[in-house]
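I have a structure I would like to understand better, so I am pasting it below and will then ask my questions one at a time.
When the chains are written out, they are named A, B, C, D and E in that same order, and each has its own residue count from 1.
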Amino acid sequence: MPFGIEFDDIRQYIAPVIYALVIVAVLPLMAGYIVLLERKVMAHMQARMGPMRVGPHGLLQPIADAVKLLLKEDITPKNADALMFWLAPLLSVTMALLAYAALPFGPAFQIADLDVGLLFILAISSLGIYGIVLGGWASNSHYSLLGALRSAAQLVSYETAAGLALVSGLLLGGTLSMKGLVEAQDSQGVWFIFVAPFSFFIYLIASIAETNRAPFDLPEAESELVAGYMTEYSGFRWSLYFLAEYANMIVVSGIAVTLFLGGWMRPLSGVHAHIFGLPYELLDLLPALIFFGLAAWCTKLALRQGEQIQKMVMFLFVGLFVVLGAAMAWSLTSTSLMPGIHGAFWFIVKVLVYLYGFLWFRFTFPRYRFDQLMKLGWQFLIPLALVNLVMIGIGIVLAQQFLWPLSLAMIAANVVTLIVAFWLVRQGDKPSIVVLPAEDELPAAGPGEIR
Amino acid sequence: MMLDSILFYFFAALAVGSAILMVTRRNAVHSAVFLISTLLAIAGIFLQLQAEFLFVVQIILYVGGIMVLFVFVIMLVNLDVAVRQMKFNRQSWVAGLLALVLGGLAVVVYRSGGGAFNLMGAPATTMPPNAEQVGTVLFQKYFLPFEIASILLLVAMIGAVVMAKRKI
Amino acid sequence: MNAVLPFFLDHIWLIPMFPLAGAALMFFIGRRLSNAAASAICVGSVGVSFVFALGAFFQLLGMPEGQRVAEKILFEWVPAGPYHMTSGSVTSFVADWGFLLDPLSAVMILVVTGVGLLIHIYSTGYMANEGGFYRFFGYLNLFMFSMLMLVLANNLLLLFVGWEGVGTCSYLLIGFWFKKKAASDAGKKAFIVNRVGDAGFLLGIFLTSALLGTIRFTEIGPALVTAHIAIGAPLITAIALLFFWGATGKSAQIPLYVWLPDAMEGPTPVSALIHAATMVTAGVYMVTRSNAIFQLSPLAMSVVAIVGAATAIFAASIGVVQNDIKKVLAYSTISQLGYMFLGCGVGAFTAGIFHLMTHAFFKGLLFLAAGSVIHAMSGEQDMTKMGALAKKIPTTYRTMLVATLAIAGIPPLAGFFSKDEILEKAFERSPALWVVGWITAGMTAFYMFRLLFMTFHGESHVDHDVEHHIHESPSAMTIPLTILAVLSIIGGWIGIGGRFEKFLEPVTASMGAPEIAAEAGKAPALLLMAASVLLALGGIWLAWMLYIKRTDLAAAVRRNAGALYDLVAHKYYIDEIYDAMFLNRSKDLGSSLGMFDAKIIDGLGVNGAAWLTRAISLVSMWWDTWIVDGSVRLGAFLVELASFPIRLIQDGEMQEYMLIIVIGLIGFLGYTVYLLHWMR
Amino acid sequence: MDQTRNNSTAEIETTVLGADEIILNMGPQHPSTHGVLRVKLKLDGERVAASECIIGYLHRGVEKIAEHRSYQQFAPYVDRMDYVAAVSNGLGYCEAVEKLLGAEAPPRARVVRTILTELQRIASHLVWLGTHALDIGALTPLFYCFREREEILKIFEKYCGARLTTHAFRIGGLQYETYDGFEEEVKRFCEDFSKRIEEYETLLTENRIWLGRTKGVGILNAADAIALGVSGPVLRASGVKWDIRKAAPYAAYDQYKFEIPVGKNGDTYDRYIVRMEEMRQSRLICLQAIENIPTGAIMARIGKVLKPPPGEVYHAIEAPKGELGYYIVSDGTTQPYRVRVRPPSFINLQAFDKMARGSLVADVVAIIGTIDIVLGEVDR
Amino acid sequence: MLPVSHYIYLSLALFIIGVIGVLTRRNVIIILMSIELILNAVNINLMAFSRMWGSVDGQIFAIFIITDAAAEAAVGLGIIIAFFRNRPTVLADEMDLLKW
């Protein structure tokens, strides 16, 4: 063959390129629909309807938003550093998308199964800081700069906690490969969230902080810093930041799902028992049922639509769900296709569940203050993560060297971690030392103040 | 094999080009960005050398850690003044020339050294996945240096904290 | 001695280390600790020491009799080179950081840690409202460390370390209230007087190592045997006397006792711990520890006995007329120490140690109770301003009564047994010594009951301001009092039937030297006992008569005694004599030297020379300015000229330095290229 | 350094900044300055070293306008000052003019006024709660609060046709008789409302983050509060039990039993708790009042043309934000000679610098929110 | 694998560029960054030789060098910040207080 390309090379290089293209093409759409989901969920939590106009139940809202964003004027502030102002959002979104290279969407859908997959994702997502810092700096605005500095400090701090939490997962899995981690959970017959709940918990918090989501959304806290590092951005470049944020959310969810929630495995996949006389394997029917159910529900909604065009769009979605449901059902018949397609389904479902957690926190909690955020990171999460790491290590040694049952060892380890967690919380509740400045640092009274 | 060379030349060109830009940019932030680019290119060369673990370490530690610190400091020390001033010092011409002479001499030494540098050792075609191997060697053969390095880091950390305190 | 030892015996070296750790903690972080934390650390460290000491004691008891020696050498401390002994043979000097536990030191560590622990506990109450709480406890712990080093040392040099350590701590603690002039003066006095004694001790150590070639206690005895030293050899007498000289300093014997009464300026727990129970007995311990040497020198033994007896009666007589409660106790301590030396001097080392132990109990108790009284009286120490306190501070009173009975030698309390044993041994040696001791015992009973009556009975002379505040001390103070009271009662019983003597036998047994005491006949023990008890009762009766029954009699006695009373009340003018003999003579010497300096040297020599010099210098100035300075300036100018190019390089800019480094590299590489190309 | 510690514009402008100091302009266009307040902050890192409020972006000269309108004509203008508590503003003005006239509204009018004013207090506090929580980052309470506020606004709309700037009262009484079912609606609202407050408290009161963000933030002690003339919930949160409804009862407040909640620490959390409790108390007042509305006239006889006798009057009421006072000078004509308004937001804003110094940027937002200012009232 | 000489030339080039940066730039931060570049040039060599011998020892040394670089950067930047507080300059030739 010309250029020395052979069939193996096609499998090795071409297929990943196609996956990559699909991801790059589909991700913005996915991000858009996650935004729609967020708005709908938020609206329903807040006793209102959310977007209802563009498309039936706002189903076409993401597309309208995207069009609006792309058509907006792209402003570069006068004294901004043009090169960096251009580069920063690009960097941000590139790094977010690059991380997908090692994320396994299913046993079959992975661009590259790197030996150091998890570390690779961590490394790449740590580069996302530059997008934020440089963008904030280049904007030549105090809000942006403050937001950028906060963001950098926050990301660096919480990356430590997240990394430590992930390491305990790695200890259990014994590999750095993302695929290998899922397979480890498969072979051990338990998702790591059940043996290392604290790791999951720490990673959950740290991942929210790392993606700058509420209640850790200080870098873009709209009530304080307007929009933080994005204050001066508009139009396309702003939407790149936006895309990067949602892409990052999916990445961190993907890591959590892979490491703690069994990746692409179906729930109870290791169990072959029966309940009510039915085998658990019947759960394989669930994806198809869900899609058909969605199709039915959408049909019901479609029939209620007043306008013809809305009805048509809704039926479009009905069609989409029917096709997906059919694909799910059909793949059940093929042993070669079924793991891939169903794996992708379960992976995405788990990612959505994790993301739902993100949204839920956002609508429920007030925002942390910066010093409190740092305190939480350094004085609670990192010590706890360290203790947890040591305890998990001890648990593994107990299980492997002293032949304790894994469950017993892990319960013991986690109980110790729990005690430490309680202790740390109590420490944190004691009067803080850092909140108020020392007497000599306090500004003196102004002239208008009455003594 | 061809892909290998393409990758190498690509990364090498990127590294050298960015390095030159880093040295010549007036704005420190730009310099930092080009240094990041150099470091990433070097990470790419590590990958091309099949040292995945070092590739990741290079990115996490160097790019994600050390350079963040640099960027942070550059933003902290307000460099508006520095931007307007001369970027090279008065010895720059002499120094540049001498540095190039140094490089030339090094090349001469390397080339004329010939057999003195035994570089023709048979390269292994592929290396096994090495994250595990690196870990094993690091924690067995090089355990003491590893601990010393940890202490060095600790000392540096304390030193940095002390230096950056408000009142010294 | 590296056989496998039981745990506590193997770890005797830890016993002093706990207080040391406590002291270190106090000195480094004590300022930041709360009082509770500081006292917890210090009391705790002493408590741990006590536990270890108890453990070591019982494990020592568990060893077969006669082999009860545990030596633990941690490392060689002073590995000095070889030297010639007096005998001419070469030996090498070795002093190691070693610890020796034999019955003698076992008794001592028990006393030190036990009484020390109680006094520590007491101090938490007594010092609760003082500034520098952590400092106090730090010193106390340091003292415990030094004292334990002293008693556990396996050689003379290490003992001397502890010896000096306790001296330092004593100085620090006497001057604890350093803002008070009297206190700091007293500290200095104690320090200086002790130095005089220490000089003798140190000389003794040197002489020992020169004579015997070793300073290890376990080796001194055998060395004495192998060296074939005759009884009463001049050198051995010299050593013994020098040691005893040291002991008089530390243990406040004539003539170096003067510091002890003044040392009462320190806080009362300090007086109890250092100046009654432990440190001052170091001399007795040291003499006992080196009994092998003493037993070879009858002359030294006699000196010890006579000085001890003299001190005993002398101090007791001063104690009779003192009005300061602590001063009385101080003189009483001196007197009792005299007893101990009397015991040692007559060869009854075990009796001396026995008395040391019981004395630690009841004198510690007396001081602590006195402290409790002072505490209750808001710092008042003058007994004439007390009285009728028995009802107000009953616990203190009861414990003090026990102690007083014990020191007066009333059976079956502790003091009776030990004192009686000394007197018995003294009688065997020389009835004259016995008489002195016997009278002293009577005086002791008298002045102690005088103290008790003046303080607790009779009419109240308390100031009105103070009267409202009189209160029983906190339990942190009364509990140690009670424990010590119990010990004062039962402490003497272990001596019944010679058990104690037998226990100490391996240490005091003459190492090949003949038994001196054996020459004397057997004393009529029961008779002597009865005599001393009777005399003690008489003393009590006299005190009762004078201070309770007929209070006017005391004044009458004072009037009629006249000159004698004055003599005694002024402590025989000893301080004044010392002033006149030593201090003022030193001053005279100084001033006459000063005169010589001013008149002869300054006037004639210096001023005359100055005139001469001025004349010469006028000439020399010209020479200096033009020739010498000129040449210097010329040199400087030349150096500046020459340094100009070098200074250009040293301009403080790092990048230029780096450039020079690069130039150096180029030179190096260029040389390499030269080698590669042209030298081939 | 000492120079920079003074608080004045000139100092902030001219001081040479240290390495860590920057000047940050919050507003006038900023999401959390509640309108067009501009806050100039000198930051040392993220800590506020000095602050200055710059106001006047919404100045409309209301007090000057009053001099050219008759007494009745001016009444709608006061609604535009504190536009989230228009009913309270109207009450204060009407009562002030009545006092000047020497007239008094009939009992029925006074009770209805009380009910509406208390509902308005709840509505105002709800707006405060929603926006304050939003400033601190809790999104959801805003919508819940506005849901309940909607109920109140519906009652207003039914009563007088307007929702926001109601102009509900007239000098001398009421323009309109209550509509049919007014009592039932108010009652139903009040009964539902206690559950709603529990709901908000579930979201916020014991939330760790909320506690962290509000406890110990923006402390204002009682002495400072009094010295600065602060009033309303801000004053009460500092521990001063001062409420004009009790101290100098107006409308029908002397007939009802209610408590004055006070705080202890004077921090943001206490102000939050005080306002929450005030809502409960307002609800109780409404319930008491609605049980027993007297019948009779709703308007006193004062004539069509108002010509108060020459003289002056000061009348203050306890508006939701604090003491709202009107000082009116009459020269005997149909138009007031001078009207001076003592707006609570304006006075309370004086305490901002006191609270903000030494706190962090994020606290500044919380502090602005907790003072509960309305710029229309500050600037007038 | 490419001949090791390629890597050595690349490393040399980066090294020389780093040296030029250290010698000529006035901004201390850029000087520090140039030093990082020099360290990386060394790392390339180590990795190439590690690959050549098929042993991971070179990689270990590279890890140590990165550690060292981190320590150096932390302390160096700390010094710069401390210096900047006292004298607002980051220019190397204005930091000449060591001159006599």
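Following the convention adopted for this analysis, contacts are C-beta pairs under 8 Å (C-beta built on N, C-alpha and C of every residue); 3 or more make two chains touch, one makes a residue touch a chain.
Here the structure is a predicted model, which is why all the values come from computation and not from measurement.
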| item | value |
| --- | --- |
| Partner chains that chain C and chain E have in common | B |
| Top chain pair, ranked by number of contacting C-beta pairs | B-E |
| Rounded Å distance between chain A and chain D, as computed from the means of their C-alpha atoms | 43 |
| Centre-to-centre distance between chain E and chain D (centres being mean Cα positions), rounded to whole Å | 62 |
| Approximate Å spacing (C-alpha centroids) for the pair chain A, chain E | 36 |
| Rounded Å distance, chain B centre to chain D centre (Cα mean) | 62 |
| Set of chain A residues in contact with two or more other chains | none |
| Where chain D touches two or more other chains, by residue | 19 |
| Multi-partner residues of chain C (at least 2 other chains) | 653, 655, 659, 662 |
| In the complex, chain A residues that touch chain B | 3-4, 81, 83-84, 87, 114-116, 119-120, 122-124, 126-127, 129-130, 133-134, 137-138, 145, 148-149, 152, 156, 159, 176 |
| Complex contact set, residues of chain A against chain D | 42, 45-48, 142-143, 146, 214-215, 217-218, 221-226, 362-372, 435-437, 441-444, 446-450 |
| Contact footprint of chain B on chain E as seen in their complex | 1-10, 12-21, 23-27, 29-30, 32-34, 36-37, 40, 43-44, 47-48, 50-54, 56-57, 59-60, 62-64, 66-75, 77-82, 84-85, 88-93 |
| Chain B to chain E touching residues, read off their complex | 4-5, 8, 12, 15-16, 19-20, 22-23, 28, 31-32, 35, 38-39, 42, 45-46, 49-51, 53-54, 57-58, 61-62, 65-66, 69-70, 73-74, 76-79, 81-82, 85-92, 95-96, 98-100, 102-103, 106-107, 110, 119, 121, 123-125, 127, 130, 133-134, 137-138, 141-142, 145, 149, 152-153, 155-157, 159-164, 166, 168 |
| Chain D - residues contacting chain A, complex | 2, 5-8, 22-25, 30-32, 46-47, 49-50, 133-140, 142-144, 147, 203-204, 207, 209-210, 212-213, 216, 224, 227-228, 353-354, 357-358, 360-365 |
